[in-house]
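Some structures to go through are shown next.
One chain, subunit A, appears in both complexes that follow, with subunit B as partner in the first and subunit C in the second.
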Partner chain A sequence: MIRVENLVKVFGEEPERALALMEQGRTKAEIREETGLTVGVNDVSFHVDRGEIFVIMGLSGSGKSTLLRCVNRLIEPLSGSVFLQTDEGEVDVTELDDERLRAVRRDSLSMVFQRFGLLPHRTVLDNVAFGQEIRRTNRRERRRLAEEMLGAVGLAGWEREIPAQLSGGMQQRVGLARALATQANVLLMDEPFSALDPLIKVNMQDELLRIQSELHRTILFITHDLDEALRLGNRIAIMDDGQIVQSGTPEEIIVNPKTEYVADFVEHADPTGVMTAKTVALPVQTRRFDAEDLGGGRQRYVRRGTEHLAYVLEDERFEALERDGQRVPTRPLAEALEDEAPTGSRDDAVLVAGPDATLKEVLQGRIHSHLPQVVVDGGGRLLGVISERELIHGILYKTANPDVEAAVASQAAQEATA
Partner chain B sequence: MNWLNIFESGLLPLDDWVQTGVDWMSANWRGFFQAVKVPVEVVLDGIETVLLAVPPTFMLIAIVALAWRVAGWRTGVVSLVAMALVGFTGMWELTMITLSMVIAAVVFCIVVGVPLGILAARSDGFASGIRPVLDVMQTTPAFVYLVPVVMLFGIGTVAGVLATIVFALPPMVRLTNLGIRQVREDVVEAATAFGASPWQVLTKVQVPLALPTIMAGLNQTIMLSLSMVVIAALIGAGGLGTPVFRGLNSLNVGLAFVGGLGIVLLAIVLDRITQAFGDVDPR
Partner chain C sequence: MNRIAMLGGLIAGLGFFFLPTLALKPNRLAPGTSFNLFEFQGDDRYLVLFVLALLPILLSFRHDVESRGWLLVGTGSLLFVLTLVLPAGAGRLLLETPEAFLDGGAFIRNPRILPAGAIATGLLGAYVTLFAGVRDLAKVEVQTWLQALATWLAPIVTLLLLLNGTFDVYSIMVEFYANGAALEQKFVEHLMFVFISLGVGFVVGVGLGLWASRDERLAPIILYAVGIIQTIPSLALFGVLLVPLARLGDQSFLATAGFFGIALVVAVALAGSYALLADREPGRVRIVHLIATAIGAAVPLALFVGVLVSFVFRLANVGFTSGAYGDTTGTILVLLLAALATWGVGRWFVPDESRWRRGLKVANWSLSAATAVAVVVLFVQASGSNRVLGGVESLSALTIRDLGVSGIGVAPALIALTLYSLLPLVRNTYAGLNNVDLAIIDSGRGMGMTPSQRFFQIELPLAFPVIMAGVRNAGVALVGIGTVATVIGAGGLGDFVIQGIVNTSIDQILLGAIPAIALALVLDAVLRGVEGLLTSPGIRQVQQ
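Moving on, here comes the complex of A and B:
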């Protein structure tokens, strides 16, 4: 949907002077020292898929807002390309003349701002209709669209107010409705919730996710808040000094931060909503388990230290958990979470989690059963077990279970020999 | 050479140069200056004809109604008292002539001043270029440019209005410039991001948001126009300046007072009404 290639922005007189230095790999500080120029965006490439929320995260001064403004050329990039899928096919935004750039801004790219950017002299309704007004849509149609979008953001009935009479959160809802009302497929969001109170902020994030699940826009979202990035992003890119230092899914970032800068961020992040069961689960085919072949493709695995529990597998599929030789009933984790309060004893059942269940869900599952949870994939294959140890390990160290990689490696080796 | 007074050594004949220059302009550019007069004359005559044709009672009602609608009932009452006093002191017709001069001058100040202010807001170069010109227009004593105005445009109401325009234009330009520059950058950016053209940004965002400041400029322009009226009477402009001027010449304090009172009362009414224009309710 959006493809940014080798984008560069340098602030100052004769910015071209910085290009050669950047190619030599000089840092932002060195270039500033030598030429007095400020590198805003340093050779950035990424792509955003249709219907995805792509989050660019970085501290202030990392160039993230500059990068976003280069996409719709509120700031003119020095070099590089921004390919955008529009109704008339793919265009390179950086190549457009003024008239066509305006057309792209009207029809294909809309934007939400940190400080809302609402017109204080207009009513909420006229603010939301602004994009359509610029497109010269007739009055009736743009009112209809604006009313519909105000309804979508939960502000029906506020049409006649002026922005100053609304709280910050409500003003940003207006900003969001205004961006949605242009019907543009791509939404650029520049720290839209940073100016809001923490509670309102979480509210707005939920709201955005809800709206996104209905409208499926393509969203490029800027933030300095990692928790926000983790909550919203299908993928995240982390920026530092004008460059993207790492990009990937939230879980990849949390579990495997590539630089110290990213690691610093991750250290303070809450991993429970992001890390998944499959990442922390300890596979049974590891040295911590003793295996016993029952014949007929069935095995019994017993974890050292908890000898009263045995995991019975058939063709690698999870069959049952035996406690002191007695089979324990199984129950899907998702089903258990639907109960408001635990039913029966916490020893009654073993919970079965899907591979993408979050740590938070697994934790909630502990309320219903303190037995280890088993993680199975769609085909019923046992991916591993999560006991207290794995949970604590995952939350504290935000890394995959160390045995996972060993297990994957040994399995690959086995397959290679077989 | 006398080193104690270096100015004795020779004088710059600037006065002669200006005299020669203005003489030359009035002789050779007569067509141009007559052409400048035409639109002012047309507008002024039109307004004056209307204002004098309406029976004073209706006019009084119309002014009070306007003040009441625009600025509330208090201003309505003030306007009623002020305009009635003007009428009952026998100054109604002269007041209408002055009012038409003020309106004509202000119309041209808007037509010229607002675009200049917008240009100044868009270009720092233009802004710093026009600033000394505005300074000169505002600080030059009015009497100084009455002479060339008379030489170039003759005497009469039109020449008076032209002198008034020169004097009253600067606040219009300055405050339009200021108002547009004060519009929040993020709002302009938002409009641009939604694909608004520069013209749309100007008309839908910048001018509406600058309107209170522009209206303050308009208010100042009107006040300056009124203060110019007495002086314009010196070159036969007519209106409320005439009794003041005649009272001054014949030591007729009463006549001068009544004329002066008319100017003050008209100023109060116009000031209240135009100030209310600045508080625009978006709904």
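Moving on, here comes the complex of A and C:
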């Protein structure tokens, strides 16, 4: 949907001077010292897929807002390309003349701002309809669209109010409705919730996810808040000093921070909503388990230290958990989570989690059963088990279980030799 | 306790006690004999003023705010009216037998009654008391219309009494009756000074302010330049303009038109080269090029506007004040009022999307156009008057002076006044445009607005209140500075003031000053009203 390639922005007089230095790999500080130029965005490339929320996260001064503004050329990039999928096919935004750039801004890219940017002299309805007004949509149609979008953001009935009469959260809802009402497929959101109170911020994030699940726009979202990035992003790119230092799914970032900078961020993040069962689950084919072949393709695995529990597999598929030789009933985790929390005994079933169940869900599952949970993939193949130990490890260290890594590594080694 | 009311009572009371109330002058120029409130002969009803002046002091100790407010309003209003009415009666008595009250040697001819200090302090004290009372009423949240009534009752009664002739005994009124026709003409002249220079200043000032807001490097230069103009004493500015304008006046019209044409070509060439080359020039050269373009355009433009405006002023002055074109001026007035009425009805009484709205809009536009046409007709008629083009026989004999530009007179006054109006206009336009929230501008750009859409739909409405404040400042200042224009023979209300100074006749000074003050206040109120009407409620709320 959006493909950004080798984008560069340098602030100052005659910015071209910085290009050669950047090619030599000089840092932002060195270039500043030498030329007095400020590198805003340093050779950034990324792509955003259709219907995805792509979050760019970084501290202030990391160049994330500049990067976003280069996408719709509110700030003119020095070099690089921004390919955008529009109704008329793919265009390079950086190549457009003023007239066509305005057309792209009107029709294909809309933007939400941190400080809302609402027109104080227009009613809420007129603000939301404004984008359509610029496109010269007829009055009735733009009114209908605006009312629909106000309904979508939960502001029906506020049409006649003036922005100044609204709270910050409501103003940003108007800003969001305005961006949605342009019918543009791509939304650029520049720290839209950063100016809001924490509680309202979380509400707005939920709201955005809800709206996104209905409207499926493509969203490029800027934030300095990792928790927000983890909550919203299908994929996240982390920026530092004008460069993207790491990008990937929230879990990849949390589990495997590539630089010190990313690690610092991740340290204080809450991993439970991001990390998945498959990451922390301990495979049974590791040294912590004793295996016993039952014949006919069936095996029984017993974990050292918890000898009263045995996992029975058939063709690598999970068959049952035996406790002291008795089979325990099996139940899907998702189903258990729909029940109310039990008040009495809770270890009557072993819960089966999908590979993408979050740690939060696994934790909630522990309320229903304190037996280890088993993680199976779509085909029923056992990926591993999650006992208290794996949970604690995952939450504390935000990494995969070392045994998992070892298993993965040995498997890779086996495949390599084979 | 209401300290303000106590202050009002003290001002009025002490004034009545220590200051003379009236002065009886044997003739227009000679100093007269002053009379204290106690010295009035006859009955003791004048002591009512004393009582009324002391009453607020006693009332100010009342605890119940609402009744205190009403009592203070009543006392203040009564004091306000009676301070003018009662001495007028006394004055009439004095005039019946002026010899009895004057020194034997006085030359008595058309003796006059001059209101003196105690009337001024009395009015001030009454107003302060009234204000204190209305403030009390506001505190207990009496309905707004009652507050307004309380505030305006006394001035309205006073105005009715004035129209009724109750105050005709006072010398200022005598002066007014003597100079009524002249006053009207000077007032119109003054009004035209203000409106024409404010109009031209508005275009130039807002233009410069806009330019300054668009170019950070030029902004300090522009602001500094208009600031400097403001520091030049107005008299000096008139003097500076004297010689060049006298020279210009001597030029033949055709020669000037030729020069104007050449200068225009130069300006267009400069602007064209700037448009073509600016992007390729280094920063410093570009600025020089830009300033050269600006000056190249400004000089012929200023010349043209100066001549045009002086000529229009002359036409308007003849048209409106000579009395020879009563039918046309009457038509203009009627059309203007009708245009205003259609606008007002359309705005307040007709819902947004009704058929009537469109009809009224059309009516409004056509009435406005008709007004403009009528003004043009008036000017054409006035150009036939021999006060306009005098004895000019042929086009080649026509000089710029015949068009109204000369070293003294209206032209330098208009130029100076226009220059003085620039600072508030430029500064406020610049500040207004610069303070528009960047996020809002960005959101406009992000939505794909063209620069002109952005300017008219975002920047202008948001900066409008600030720009209008500048217009108000400039307008009020121009009314005051306009009185100085009399020294270069430009006319206006200053004529009375300077005559009064020459004659040491305070009545004449007041005859010029009071209309000027009233004009300034009314202009301020009207512009404030316009600002309020045209500012959207959303922006007003943001300002608060």
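Throughout what follows, the second predicted complex is superposed on the first by the 408 of 418 C-alpha atoms of A that agree within 3 Å, B and C clash if a C-alpha of one lies under 4 Å from a C-alpha of the other, contacts with A are read in each partner's own complex, and residues count from 1 in each chain.
Quick note on the criterion: contacts are C-beta pairs under 8 Å (C-beta built on N, C-alpha and C of every residue); 3 or more make two chains touch, one makes a residue touch a chain.
As the structure is a prediction and not an experimental result, all values here were calculated from the model.
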item: Subunit C versus subunit B on the shared subunit A, clash or fit after superposition; value: clash
item: Touched partner set for A:R102, first subunit B, second subunit C, both or neither; value: both
item: Partner chain in contact with A:R160 - subunit B first, subunit C second, else both or neither; value: first
item: First (subunit B), second (subunit C), both or neither touched by A:L209; value: neither
item: First, second, both or neither for A:L74, with subunit B first and subunit C second; value: both
item: Doubly contacted subunit A residues - partners subunit C and subunit B; value: 72, 74, 102-107, 109-111, 113, 115-123, 130-131, 134-135, 162, 182, 188
item: For the subunit A and subunit C complex, residues of the former touching the latter; value: 13, 72, 74, 101-107, 109-111, 113-123, 130-131, 134-135, 162-165, 175, 182, 188
item: Residues of subunit B defined as touching subunit A within the complex; value: 186-187, 189-197, 200, 204-205, 208-209, 211, 280, 282-283
item: Subunit A residues within the subunit B interface of the complex; value: 72, 74, 102-107, 109-111, 113, 115-123, 130-131, 133-135, 160, 162, 178, 182, 188
item: Subunit C to subunit A touching residues, read off their complex; value: 283, 437, 439-440, 442-450, 453, 457-458, 461-462, 536-539, 541-542
